[in-house]
Amino acid sequence: MLQVTSINKSFHGKEVIKGIDLSIQKGEVVVIIGPSGSGKSTFLRMMNALEFPTEGDVLLEGESILYRTVGNKKVPRKEKELSKFRAEVGMVFQGFHLFAHKTVLENIIEGPMRVRKVSKETAILEAERLLQKVGLADKRDQYPHALSGGQQQRIAIARALAMKPKILLFDEPTSALDPELVGEVLLVMKELANEGMTMAVVTHEMGFAREVGDRIIFIDQGVIVQDEPAHLFFHINNNNDRIKRFLNTISRNVV
Amino acid sequence: MQEIWSNIVLFSPRLLEGTLITIQLTAISLIFSLIIGLAVALGKITHNKTINRICNFYISIVRGTPLLVQLLYVYFVFPDIGISLTAFQAAIVALSINESAYLAETFRAGIKSIPKGQMEAAQAIGMDYSLAMRRIILPQAIRNVIPAIGNSAIVLIKNSSLAAVITVTELMHNGNLLAASTYQNIQIFTMVAIVYWVLHYPLSLFVDYLEKRGAAHHVTSNQH
Amino acid sequence: MKKVRLASLLLMVGMLAACGNAEEKAEQASASGDTLKVITTAGGYPFNATNPSTNEIEGFMIDIAKEATKRADMDMEIVTGEWNSLIPSLQSGKADVIVDGMYITDERKEEINFTDPVFGFGEGLIVQEGDKTTASLEDLKDKTIGVQMGTSFKDMLEEQSPELNLEVKTYQTLADLLKDIESKRIDAALADKPAFTYMKSQNPNMTYRIVDEYVPSLSGEIGLGVAKENTALVKKLNTSIAEMKEDGTLTSIYEKWGVEWEQP
């Protein structure tokens, strides 16, 4: 479904991602964990070209989303082409980023109508179905600022789903939430996973990772330290020092 | 008192004529300056270095020179390069250009005040830069800067009085003419001042209203 | 976005160009046709001023200009502008003739043409009403004197009479100047003599005294201003003016406005 091939990313000469390869299969839920500053968010943002890798490429269903080939040369894609790919890759942000001047319904139908050119009626029907799914049908005419963080994040998920993406990226979707609101968002994500949605999730929620994740990727200092099926990763025998230390910190501070 | 009243009756037609021109000058210039200002603001934030430089140069020239000189230039010097405008047209051009530079900064600040996440969220659902700008960023940015635009409009009303130097018969000019012929300076310019105040008042109420509403909105939207 | 921006810019430029072209044609027509565009400050009676009741611009300079253009078989249309816009208006083709109390000087002749003189005047001295003794500038030693902005009286005072130690105050308009004489904030004032003489004749209750003995030192003559290259128009107007001098029309215009001038 989505492949990342030996990407590097430097900011002002400082290497943040140092050669990562990753392949995500259809229907797979990949959970990416790692200490803060390990580059995992940057890594995720490269999967929909919000960040451009310094080297390497990202392929969606075998096609490069970053470059097109002219003759035998790779040319960076134009803005319009990038947008075409981004429409296929949904993203949910840590800060929700709902469009502040639009109602819940307008937030969800904006993409389908303006990007996919779906008719308004169809877009609204689909939006209402999605609102039902995330349990917020009664909020359709509210503005984002009237909603709790958890509700906003569920709307953000609905907005991403409305584009019928091939894969959904989550960038620390619960990190900005009050603890009591985390559950409702994780619940929606779990449902999606159960329905077979392909997902890449950057998170600190180890419970979620263990329960829902098919694969756990542990990133530290810009490289993949471990890439294991969830049951093996959390197996008591995992004795990588860095991971142990990280898991200890997480369980002390967050959970 | 009697004399004051008869003077008011005597001066009013001329001053009202001028008022009409002042309103036209202000309204038309405001519309043009909003369009140019927005274009220049977008030019300033685009990644194209050449366009950036042109826009910065434009703003610097316009803000760094007196409106009076700009008026004189458009009216008296443009004919040398083949653009001959009537006084009214020249005033519109100069006022629009002058105001646009200030509005460009206002718009730019408005756009910059919109959190980066809004653009990223728009891009993430497949919008390109231009669509995201039009649908997501600008509507919010413009709503944020409407009070500032209102303040600019108030300044513009008063700036339009400078058009008198290029023979536009707006309010101030007509006041000057009446003063020159009747020597009733104090009374005439008091009347002129009252008219300017009356013109500015509805705008200022509007700005106050928007600022209050904006403030209320801002507090709630800060929650996330 | 770039396209949209470019399009809107082009639209603006196009509109301006269209306005410009239309205007250019109109202007060519007015230059070659029968209507002269006259510019004046309408800066005050008796020269040229706006009549607040009729909204017409009138004055002896206007009458002279009207008669002169009529005799040259042309019409005129008056626009008003500030003093500093008069000469540029001729130079940029915005107007054909300046009709105002503008002295014919060598400096100005470098910029524009003048017709033969149609009037001449100098400055007059006025003092507070209670002052019965002042007869010349020498009587005003150490006192405060007001002058109008845009005149050369300030320079004259500073150059010619430094020993008098006068404090010179500059005023935007004649009205402000007279007001300060009446309220005794200044002791005296220098201004165009025809202007305040006319005012006093119209408003006998104004409280200032005109010093009749005063001999002006900055007299000058005024003519109609015409663009440098438009010598044909100067010729036509000069013919009219000569006729008007000849047949007494000029003198009767002076009488109508209560001013006097003997051509030297």
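Going by the order they are written in, the chains are A, B and C; count residues from 1 in each one.
As a convention for this text, a residue touches a chain if its C-beta (ideal position, glycine included) is under 8 Å from a C-beta of that chain, and two chains touch if they have at least 3 such contacts.
All of these numbers come straight from a predicted model, not from anything done at the bench.
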**Message:** Taking each chain's centre as the mean of its C-alpha atoms, which one ends up farthest from the centre of chain C?
**Reply:** A
**Chain nearest the global centroid, as defined over all protein CA atoms shown** = B
**Complete:** chain B to chain C, mean C-alpha position gap in Å, rounds to 34
**Rounded Å distance, chain A centre to chain B centre (Cα mean)** = 45
**Complete:** Between the Cα centroids of chain A and chain C the separation in whole angstrom comes to 77
**Request:** For chain B, write out the residues touching at least two other chains, lowest number first.
**Result:** 129
**Request:** Quick one: which residues in chain A touch 2 or more of the other chains?
**Result:** none
**Asked** What does chain B use to touch chain C in their complex?
**Response** 10-11, 13-14, 32, 35-36, 39, 42-43, 46, 48, 51, 72, 75-80, 82-87, 89, 93, 129-130, 133-134, 164-167, 169, 173, 176-186
**Complete:** In the complex, the residues of chain A that touch chain B are 48, 50, 79-80, 82-84, 86-91, 93, 95-101, 110-111, 114-116, 144-146, 149, 152, 156, 159-160, 163, 176
**chain B contact footprint on chain C (complex, rising order)** = 1-2, 4-5, 8-9, 12, 16-17, 19-20, 23-24, 27, 39, 41-45, 49-53, 55, 79-82, 84-85, 88-89, 91-94, 173-176, 178-179, 199
**chain B to chain A touching residues, read off their complex** = 115, 117-118, 120-129, 131, 135-136, 139-140, 143, 217, 220-221, 223-224
